[in-house]
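Across the two complexes that follow, subunit A remains constant while its partner is subunit B and subsequently subunit C.
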Partner chain A sequence: MEKFLLKYFTLIRVIIAIAIGIVISVFLIFLISREPGFSLRSFLLGPLLTRSRFAHVFETASPIIFCGLAIAVAFQAKQFNIGAEGSLYLGAAVATAFAVSTNMPAFIHIPLVLLVGGLTGAAWSFIPGILKAKWKASELVSSLMLNYVAYFLGLYLINFHFRDKEAGFLVSYQFPETAWLPRFIPDTRIHYGIILALVAAVLVYYFLYHTTTGYEIRSTGFNDRFARYGGINVFKVIILCQVILGFLAAIGGTTEIMGIHRRFVWQDSPGYGWSGIIVAIIGRNHPLLIIPASFFLSYMQVGGRVLNLMSDVPAEMITVIQSIIILLITAEAFLSQWKYRITLRQAEKGDAV
Partner chain B sequence: MNPLLKSILSVEFGFAVFRVMTPLLFAAIGVSISNLAGTINISMEGTMLVAAFVGVIVSAFTKSLVLALLAGIAAGVAMGAILSYFHLRLKADIILAAIALNIFASGITVFLLFITTGEKGQSSSLKSLLFPEIHIPLIKSIPVLGTIISGHNVMTYGAFLAIILFYIITFKTPLGLRIRAVGQNPNAAESVGINVNRTRMWALMLSGFFGAFGGLYLSMGYVSWFARDFVAGRGWIAVAAATLGGYMPLGTFLASLLFGAVNALAIYFASLQIPSELIALIPYLATVIALTIYSARALKKRTRKVGEAKQVGKIKESI
Partner chain C sequence: MDNILEAKNILKVYENGVIANRGVSVSVEENTIHAIVGENGAGKTTLMKIIFGIEQAQEGKIFFKGSRVSIRSPNDAIQLGIGMVHQHLMLAPDLTVAENIVLGNEPRRARIFLDTDRAGEITRQVSEDYGLQAPPDKKIKDLPIGVRQRVEILKALFRNAELLILDEPTSVLTPQETEVLFKTLRNLKNQGKTIIFISHRLNEVKQIADRVTIMRDARVIDTRDAEELTEHDIAHLMVGRDISFERIPASTNLGAPLLSVRNLSYVDDEAILVLNKFSFDVRAGEILGLAGVVGNGQTELVRILAGLLQPSEGEIALRGEALIGLSPRKIREKGLCHIPEDRMEDGVAEETTLEENFILDRYYKQGFSKGIRLLWKNISRHSAELIAKFNILAPSGKTIVSSLSGGNIQKVVVARELSSDPDMIIAAQPTRGIDVGSEEMVHRLLREARDRGRAVFLVSADLDEILKLSTRVIVIYNGEIVAHFQDMSKVRAEDLGPYMLGVQREEAVSGKVPA
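Let's look at the complex of A and B:
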């Protein structure tokens, strides 16, 4: 038992952090809800109760997986680029502009729209990358500032040039059907974005752990001076990981637009980039662990929306809980005393034999 | 004359610069003091948000400006304390912990806003108190300068005092000496008996203290309400301003003034026939540009110094 605890200590720590988060949310619901039993059920089981809600979990998970992978690649190189949100937004906006103004067969239209979105995101994310690599400008600050710039640029592009004035809402023209990402489960909006996301996770895993460039990215994150002495082109790594970040995040946003809304609908930034940071932390920047982390987060967010809709508890409770969970997970020393005691006991036992 | 140029040269513009600079300056001081201790606090965005919210709530419910001020400060210091606890005691990466705190602040303020008012966007139903404006007797009557300098919110003058306070704390008190020592070389500081963690904790709490004023000014001076995420990146602009200012009092002030001017300029651009979206992005774009120019110059200076040192080394060798 104790050996098991030691072996999976990191995972157990994450689970305990999540459990604490859930306990706090239960506590909060009992504190503020007039019908705590009903609210609690809405939150914990809500996503399972109807077909469309359950489908929402998969729909929401797909852009989150993309953003989580994006952030993980940058964080593995210790590049604190938090610009996934901006790349996602601007990428989706430019992809929209391309999709509604071109006409071609679906088998070429779909990949081209995705590519336009992805490349826009990559180009956008290249900016903080080159500023950091060349002039040591903090990518943290510049990527965050660029999130705002991307948001306003995207908004300008849609509202001034591609706005559907007959729609009644501030949205873009509808995509031609050739640029619709197909949905593959009847009566839901689950689209091929989720499949792409899972494939991307495997590819990113292979890239980070089984290729030379991936090794260079991880070495740079581990110790950039050592990496430099070891002959790794740190300049290239810093730029590359941020370009990949922008590409993946923008694909996430573009698939969502192509698969679910079929037009650009975001007057507010959708926040997937921030969810991406959260799942990257929960999944400890490991591409494959980001998948369950994303489903967990997506489940929680859908639960939060159900809670918001059905009861008197606001969905922002979920934001609070998420932040507490990642605070606990980043806290390296959280539960380390416990681990230390187990290790000690194990060692003593070993001596006795 | 060009109407834009005319409005930039007007006294109203000068006034607006100080008005817009105020929250940036407070937050930039907060970032600076934490960075001097070697633990940069990038949770200013969240700190300002929480303090702004607490200020509105407490002033609406107690009708007391003093209580609102104290509660807001307490909230800011608490944010600093939480960050220091997680970073120093629980060994969380300070950047990640601060990002988490920013997300926390964004959620908890809207959550509590909903609980107290039933609203989620804006606290329009709460009557928030405002910090008073001060008209300085003699200076007020100086023609141009008087209109620019006098008549500001008391917090704007407070920001100038804060810069002086920051200078005094950093250079004239034992705590400031310890903060700088810990920031420059924690091991050396520890070897002469300085408690590194405790010093950093003080620096982070001080940074929360200064950041709180920036938040309080936003909701109880700049405007008289709280709205979801209405700090709108000012906490991050403050990080850039602190970097630009070299984390020193005068530099931080000048950098904040610069960003204040850019932000005020964006307000004036609204008079031109440019889409509002494109105007709104100016302050953020300007921040990236300024940060890059500064970083490039700082890097050049560093490499030149290294180059000179190598030269000196070679000369010595040849002798």
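Let's look at the complex of A and C:
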């Protein structure tokens, strides 16, 4: 039993953290809400209650998975690039520009639009990469700052050059139908982006753990001096992992635009890049663990939206609850005393044998 | 005589499950020099850390001067009168000797400002009381390591330490400095102090200790009077079996120069000339030893040879092909391997598996990958072979490196570096801080490589190691070659010391190629 606990310690800790987070949120909701039973139900079960809400969970999960994978690739190399949001936004904006100004058959148009989005994100993320590799500029700072630049560039592109003046909102022209990512479940907006995200997770997993380049990325992350000493081109790795980050994040944004809105609608940055960081941390930068982590976060976000819509609990409360859960999951020392005592008992037992 | 310190049934388990002390009991008599010996990982340092309050034991009692004490921090230990000189000295390099000595108990002027004059006086007073000379106004960073150590001892004495713990104090000293230290320790004993002396050098233990405690595998094996034991007995108790002390006979089949270094200079970021016109050859079939006190340019020299640092000028050639400017990988592919001086910094990725550490220099080669795909089955098989061949104590190739002991981690590095049978082996401090058994193995492997006609460049701060293995020896001081010994049969450790300290140099050597 104790051996089992030690082996799955991380997983158990995550589950306990979630449980505690839920207990705290129940407590908070009881404190705030005038109809706590109903509010609680909205928050915890809300996403399951109607078909469209349940579909929302899948729709939201797909760009989060892409961003989580993007972040994981960079974090595995210990490159703390947090520019997924910027790459996603600018990639989607440029892909929009390309989609609305070209016309070709769907089977070429869809992959081309995705590619344009992805390459834009990759090129954008190359900037913090080269700054780090060549001049040791902190990628954390440069990618964060570039997020703002990307946001305003994207906004400029859409609002000044591709704005649909007849739409009545600040949105781009609608995509030609050849650039629509098909939806495959009737009465929902679940589109092929989610399939692409799942495929991407498997590919990224294979890339990181079963290819030579993946080994180079991970070795650099474990100990960059070790990698350099062994002959790995660390310069290349630092740039490459950030380029991949930009590519994946931008694909995530582009699929969302192509599958759900079919035009560029984000006057505010949608925040998937930040969610990506959270799921990468919860999933310990493991591509396959990022999938359940993304669904979990997406479920919480949809639950939060339902709660906000249906009950008297303010939206800010949702953020508080989410933050508590994430804090507990990411706190390395949480329950470490408990683990230590088990380790001690196990060691003593081993001693007796 | 009374026991000043008694530790009873100490149990210490580290968080990663390693048991460092199991039921350890030691009694230290007042006014003696008590040596604690054992291989690395035997638990000596852990025990000392517990006594000095750096680590807390899970079980056990400590008695100091007959009464039970609880030592929760180094401060508690100092209050009781226990002082410790750590293996890595804990001094502020930019402060003067006097400032370091009074640090924490500073004499003040107007309650705020450090009273420098008074600090100097205190230092002179303590120096005089114990007959330990140290220049009060010099900065620590300008002093040789032997003097720095003396400052640490003075610092403990200033805090009225009656029991002084020295953790491997001689590992950084030259033979001459060691002599001085021993004189100091005897002196302190005569003044009524008690000293715990940790070492794994047996001749030193015989020379200085009254009582000896031998530890092995986290347990105390025995405590006896030093007179009753021979060096051989101690070694036997430490390792649990017999080991040889003989020098390894020199190889006879010397070949052509394999590695040639000419006029190599290196100026670092702070414009300090770290290496000055360094020239030497390493021939096939020999082990060339580089002796020197740590920090005289050895680190930079090794990194330059491995392609990790670019020299300011000079040439390096392997079999006549220039190496400077090539990437570390290109240099490796030409047949040069490198056992780095700091295995945790460069040698391994400690958070990951042995397998991933083994393939660092070969993951892209045939047999380990196909196209972009890693062949994990082959890699696992290869790892299992290396674990068996190099006698690494690890359950499997999937074991995480950080869970191994220092000796086994070093074996992982050595296994990777030597298993490709390279022509040129750069071995920097290859046995630093590892147990006698692993040390023996590393030495055997280097010797075997030499006998196969490979060239070995051995950089070591351990003179015994240099003398035991080297075919020839060059001595480095302040970035220059100051001596060159061809015939090792007549060379003793004492002969190298003056060169290592820079008090003597062979004029003929500088600027010439020793060959």
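In this text, the second predicted complex is superposed on the first by the 348 of 353 C-alpha atoms of A that agree within 3 Å, B and C clash if a C-alpha of one lies under 4 Å from a C-alpha of the other, contacts with A are read in each partner's own complex, and residues count from 1 in each chain.
Going forward, a residue touches a chain if its C-beta (ideal position, glycine included) is under 8 Å from a C-beta of that chain, and two chains touch if they have at least 3 such contacts.
From a predicted model like this one, the values you see are computed outputs, not experimental measurements.
Asks: Quick one: subunit B and subunit C on subunit A, clash or fit?
Replies: Clash - subunit B and subunit C, as placed by superposing on subunit A, overlap.
Asks: Kindly classify A:V149 by the partners it touches after superposition: subunit B alone (first), subunit C alone (second), both, or neither?
Replies: In the superposition, A:V149 contacts subunit B only.
Asks: Regarding the shared-chain residue A:T188, is it in contact with subunit B (first), subunit C (second), both, or neither?
Replies: neither
Asks: A:G231 in the overlay: touching subunit B, subunit C, both, or neither? Say first, second, both or neither.
Replies: In the superposition, A:G231 touches subunit C alone.
Asks: Looking at the overlay, what does A:N223 touch: subunit B (first), subunit C (second), both, or neither?
Replies: second
Asks: Given the touch rule stated above, what does A:T213 touch, subunit B (first), subunit C (second), both, or neither?
Replies: second
Asks: Looking at subunit A, which partner touches more of its residues: subunit C or subunit B?
Replies: The partner making contact with more of subunit A's residues is B.
Asks: Per the contact definition in the header, classify A:M317: touching subunit B only (first), subunit C only (second), both, or neither.
Replies: The first partner, subunit B, only.
Asks: Based on the superposition described at the top, state which of 164-172, 218-226, 254-262 or 272-280 belonging to subunit C clashes with subunit B.
Replies: 272-280
Asks: Which stretch or stretches of subunit C touch subunit A in the complex?
Replies: Spelled out, the residues of subunit C in touch with subunit A are 13, 15-19, 22, 58, 306, 308, 327-330, 332, 338, 340, 345-352, 356, 359-361, 363-364, 369, 372-374, 376.
Asks: Hey, which residues of subunit A end up touching subunit B in the complex?
Replies: 32, 80, 82, 127, 131, 134-138, 140-142, 144-146, 148-149, 151-153, 155-156, 159-160, 274, 277-278, 281, 314, 316-320, 322-324, 326-327, 330-334, 336
Asks: So in the complex, which bits of subunit A are touching subunit C?
Replies: 210-215, 218-219, 222-223, 225-233, 340, 343-344, 346-348, 351
Asks: Where on subunit B is subunit A touching in the complex?
Replies: Its residues touching subunit A are 42, 86, 89-93, 95-97, 99-101, 103-104, 106-108, 110-111, 114-115, 120, 232-233, 236-237, 239-240, 243, 275, 277-278, 280-281, 284-285, 287-288, 291-292, 294-296, 298-299.
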